[in-house]
Amino acid sequence: MLKVGIIGASGYTGVELARILSTHPEVELTVATSRQYAGKPLSEVFPNLRKRVDLICENLGTEELIERADFFFAAVPHKTAMDIVPPLLSAGKKVVDLSADFRIRDANVYEQWYQPHSSAELISEAVYGLPELYRDQVRKTRLVANPGCYPTSVILGLAPLLREKMIDPTTLIIDSKSGTSGAGRSAGVGTLFCEVADGFRAYKVGGSHRHIPEIEQELSALAGEKVTVSFTPHLLPISRGILSTMYGSMSSTVSEQEIQQLYEKTYEEEPFVRVCPPGTFPATQYVRGSNCCDIGIKVDSRTGRIIVLAAIDNIAKGASGQAVQNMNLMNGFAETSALLGAPFFP
Amino acid sequence: MLKVGIIGASGYTGVELARILSTHPEVELTVATSRQYAGKPLSEVFPNLRKRVDLICENLGTEELIERADFFFAAVPHKTAMDIVPPLLSAGKKVVDLSADFRIRDANVYEQWYQPHSSAELISEAVYGLPELYRDQVRKTRLVANPGCYPTSVILGLAPLLREKMIDPTTLIIDSKSGTSGAGRSAGVGTLFCEVADGFRAYKVGGSHRHIPEIEQELSALAGEKVTVSFTPHLLPISRGILSTMYGSMSSTVSEQEIQQLYEKTYEEEPFVRVCPPGTFPATQYVRGSNCCDIGIKVDSRTGRIIVLAAIDNIAKGASGQAVQNMNLMNGFAETSALLGAPFFP
Amino acid sequence: MLKVGIIGASGYTGVELARILSTHPEVELTVATSRQYAGKPLSEVFPNLRKRVDLICENLGTEELIERADFFFAAVPHKTAMDIVPPLLSAGKKVVDLSADFRIRDANVYEQWYQPHSSAELISEAVYGLPELYRDQVRKTRLVANPGCYPTSVILGLAPLLREKMIDPTTLIIDSKSGTSGAGRSAGVGTLFCEVADGFRAYKVGGSHRHIPEIEQELSALAGEKVTVSFTPHLLPISRGILSTMYGSMSSTVSEQEIQQLYEKTYEEEPFVRVCPPGTFPATQYVRGSNCCDIGIKVDSRTGRIIVLAAIDNIAKGASGQAVQNMNLMNGFAETSALLGAPFFP
Amino acid sequence: MLKVGIIGASGYTGVELARILSTHPEVELTVATSRQYAGKPLSEVFPNLRKRVDLICENLGTEELIERADFFFAAVPHKTAMDIVPPLLSAGKKVVDLSADFRIRDANVYEQWYQPHSSAELISEAVYGLPELYRDQVRKTRLVANPGCYPTSVILGLAPLLREKMIDPTTLIIDSKSGTSGAGRSAGVGTLFCEVADGFRAYKVGGSHRHIPEIEQELSALAGEKVTVSFTPHLLPISRGILSTMYGSMSSTVSEQEIQQLYEKTYEEEPFVRVCPPGTFPATQYVRGSNCCDIGIKVDSRTGRIIVLAAIDNIAKGASGQAVQNMNLMNGFAETSALLGAPFFP
């Protein structure tokens, strides 16, 4: 059994990691840290874990962590992660970092959107943990930078078209909508029930969301040229789920049927990517609680644009589910272990 | 007191009309028709109206209707409306038609998106009832084609930019999200609570929603050239509210500040259009239950695009509220009569 | 025009007061205080008020308040209220206090459930502002203690039965469910969207909620004997609304029909209390956004118990709406002024 | 591998059965029937099942069913079930019936609440499938009557107190609240999103819900005397979840601590019943998507009553999860097989 630790277990990605790992046949969750809840059972912080996860939250230093587990999920905010990860690696541990700290390959770009980077030497070693694109590298690395939630939906949605140069990368507009768990579990007026329920809004309008450099890095790699996108995130009155609606001008005369076939072929063997049948489209409620990414495509012949829709559960495939998928690969487990449960509906 | 009738009172636009009219100082609601609920008090169908609206639903022919009121709201589906409206006009009544039947000025376009039109001769006479654009014509007409919900948000949102040619009309992408009341009150699996709640999806993807010709007609008139748009509607797990996120390339070198001022000046005197302060954006929860349309703008300097966001309550400014606004104008009442209530939040 | 001030305008009762007063024909809102948001337009804190309420939040002392208005709503927490109210009264102002500070007639009881009372001498003068029970006293007082939200639903629901001794007051069980706005607008993990949405729970189980002494005080007065109740509040995943389900053993052999008639007669002339037709029951969605209280009754002949259901909007009839109703009475305005709007549905 | 069929797969219990069974290591789902969707992939009806369940809905007669599986879940409405089950049993199959048809041991009582029973001879053989009470019988039977959703929460919640005679069974009041999936997937105005969202109501008030005889049968067996209860169901604006709040007078002088210990001891070895720590209470969001039943207790010393709260997921432990638990027992599988996933939160 692999001994696994969660650093920062009291957020929504932490509880989702614990939930998924509780049924993993090859993993033992041996430590969960939380400064705020140190000394409390994790199942008191998250009563859904009662009788399923039997751990006390602890506030531990690196030395102690190293003794307690061999694999770590860093579920702490960016900036904190870049300080916690290096000593774990030095001690021979493997890490999936759920923060943004090791996602951006160009440290200058990172520092432009975030803040100074104190562990830039590790960036080149980190693998961007989107298994559908980087499966082989993930298998071999000791450090995975787990992708952001929005980027996961966008990159999986656009990859086939960009690779095949069927879409003009200068025309990409991405209108994304996320459930509120994406805002985290910190108390704040803006995410109170009464502020969010029965409502809908955009935020970070006009190209200021920090997932943009991550999206552009990966889309550029796929397109083979520098890609700049318009990206508008919105806040949905649901807990879990992201739907990204993506628009671009077609750059070839390929038919909708051919594009459909391209997607089906691309993702045929992928256990977690599901291409919707022609004429049908994804919905967040059909991926809820699962590691699935559903994708649907449609050509708008009136405007010569193609619309791609991609749905994920933002704390599963968009965070903790994908993190476990990466852990599976990094340790030679079956990639789908603990992740094959179908989405919950209704 | 103006005697007013609602034809088709058992839908969500019907109950909203009755609610608004119940506090109108110059109107008496004298008749409400419903085939399905004939003989039942309207307040039994909609218990929110108890002690506020005292009417029995009736199933009446045109002859009887004519005797009972002098002004009518036709809140029936398209196709039905085009048969009901002509005899009312012939009898000297005024009508606001909430269906799509008289919105499209080109009967061929109408027939291409809907079905054959049996009263095409009335189309030229009908005024498209968006008072912010056609106030004077509304005052003088006997037939108003009340705008669709999506078009109201889109047209008010884009009008200043198109008029001033600050946006390239060939690049318009409109990503709209609507509350579920827009789907009406007919029983169907797709709009059951468990199918919609805690979820989000697109529908009519790829340029097939019937509001497209209406949007394009009005945007073309504003732009002075034929406009074709990409339009994707989505279904929100809320009852009331539309947010349209609109993208287009800037066609001039105007600054964000100048655009902000353009919007503020354009809508300064409008009682129902509210321009958000710089850096803030509309949310459906801030227009809920009101006749307001909130608009926010942002320039994305990275991509040279401008993003316009517009929010309305789809059954108020997007239907019944706007219908009453038109009724007010058609009868010389204060335009804001019965409509000045602030949105309710939370 | 009566000059009116809201002390503590940045909570949910504050914004609801401002919303209601914005359409009141005899009132001018002249001052709104908020320590947290001092200097900001109230419509920036609550964008629903844009173009409807034009006030800057201020942080003012009593002296300044006294110069700015003649009537005050104290929408601050208990304990704070008891310090703010006395100087206002001394300066000749009238006050509706929305806190609990002057609701409990026995200062000992108050101190047992809350904390020491620093203005106990005013308690005897304060009128419990449930107009359906104390209308005449409200008209004459300068200080109204505005009822709590749960108590409003419970007292209006049980009053006829207790007065007529048709129910055994030793058997009363009250199972109440409230929307989340009742928890206020302070940031806290427990009322985050993701903690409340798609869920349901009880709180303050076992007789510990502070509305209990208020409920028992009024039910005892109605029954003519000391009443002790079981009361369990629950948290609903909605913003507005309370439904109280109340159970008691029948103490007479009266029929359901007679009880129905008793309720209909009791509340016949009340503009805001609506008795549901036989066999139908209230729902929070039918009182949303209004000052209505809907009541339904049913005899369970299998058990000899009667069930009473009462629904209100907790921040309207349960707080700000009732406060305005009291203000209307205290100033000789029409009791229904600014309050006659029908509930919003859907 | 056990070949399993779902009769009536197009409802919410059907999709939940398919979801759970898709990860069951000893089961192969070989047939799913649906008259309405015959010929369609089940994953087209329920897209959450894509790539997880590969079955076409069929409309089959009993003969064909018998050839296709060895174990059946009957997920059809009552009345239909009593006709489908007997031939399956005659053919040597085992059945879990999710309808009410075999739950009531007294056919007269059944017929009083439902309709004439055409297979009354099977009633005595059927085992009421609440494993926590009837585990041994379930193991041996070929026909399980799967309990109703409300009864599951009520019986598990009250069993310890009734068995130990710590509560007066003549005083039981049960106030239950259910998510909307309990109303099924048939199209109807009453369960449309806009009718349910942001609202709350009671239904079947006054002792008329058909789960009452089932509740009373089991509570009577536990108490050793005939029990009659007051039971009021309510409709929550959530998809999944039941919370039952139960009240009764204490019939002994036992302390809260002793009752807590009684519950903890009673359910200590149960994998799916979780007793909340003292002072904490269940919430539907902590059992969502799982087979768990969470129970909390509190003594109200002011009134001498005890309050028991029990939460389940109505389509999991309240239907399909419990059905699989019964299947596991009937076939000698581990009782928890495919059911150990922790609830998903948020």
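Remarks
Letters A, B, C and D mark the chains as written, and numbering starts fresh at 1 in each.
Throughout what follows, contacts are C-beta pairs under 8 Å (C-beta built on N, C-alpha and C of every residue); 3 or more make two chains touch, one makes a residue touch a chain.
Computed from a predicted model, the values in this text were never measured in an experiment.
The interface holding more C-beta pairs in contact, when A-B is weighed against A-D, is A-B. Farthest from subunit D, judged by the mean position of CA atoms in each chain, is B. Taking each chain's centre as the mean of its C-alpha atoms, subunit A lies 35 Å from subunit D. Computed centre separation for the pair subunit A/subunit C is 45 angstrom, with centres defined by C-alpha atoms.
Mean C-alpha position of subunit A lies 38 Å from that of subunit B. Shared interface positions of subunit A, defined as residues touching 2 or more other chains, are 12, 181, 194-195, 197-198, 237-240, 282-283, 285-286, 288, 346. Taken in their complex, subunit C has these residues touching subunit D: 173, 175, 177, 194-195, 197-203, 205-207, 228-230, 232, 234, 236-241, 243, 245, 247, 281-286, 288, 296, 298-303, 305, 307, 309, 311, 346.
The residues of subunit C lying in touch with subunit B in their complex are 12, 15-16, 18-19, 22-23, 44, 46-53, 181, 197-198, 239-240, 271, 274, 276-277, 280, 282-283, 285-290, 292, 294, 315, 340-346. Taken in their complex, subunit C has these residues touching subunit A: 12, 180-181, 185, 187-189, 191-198, 237-239.
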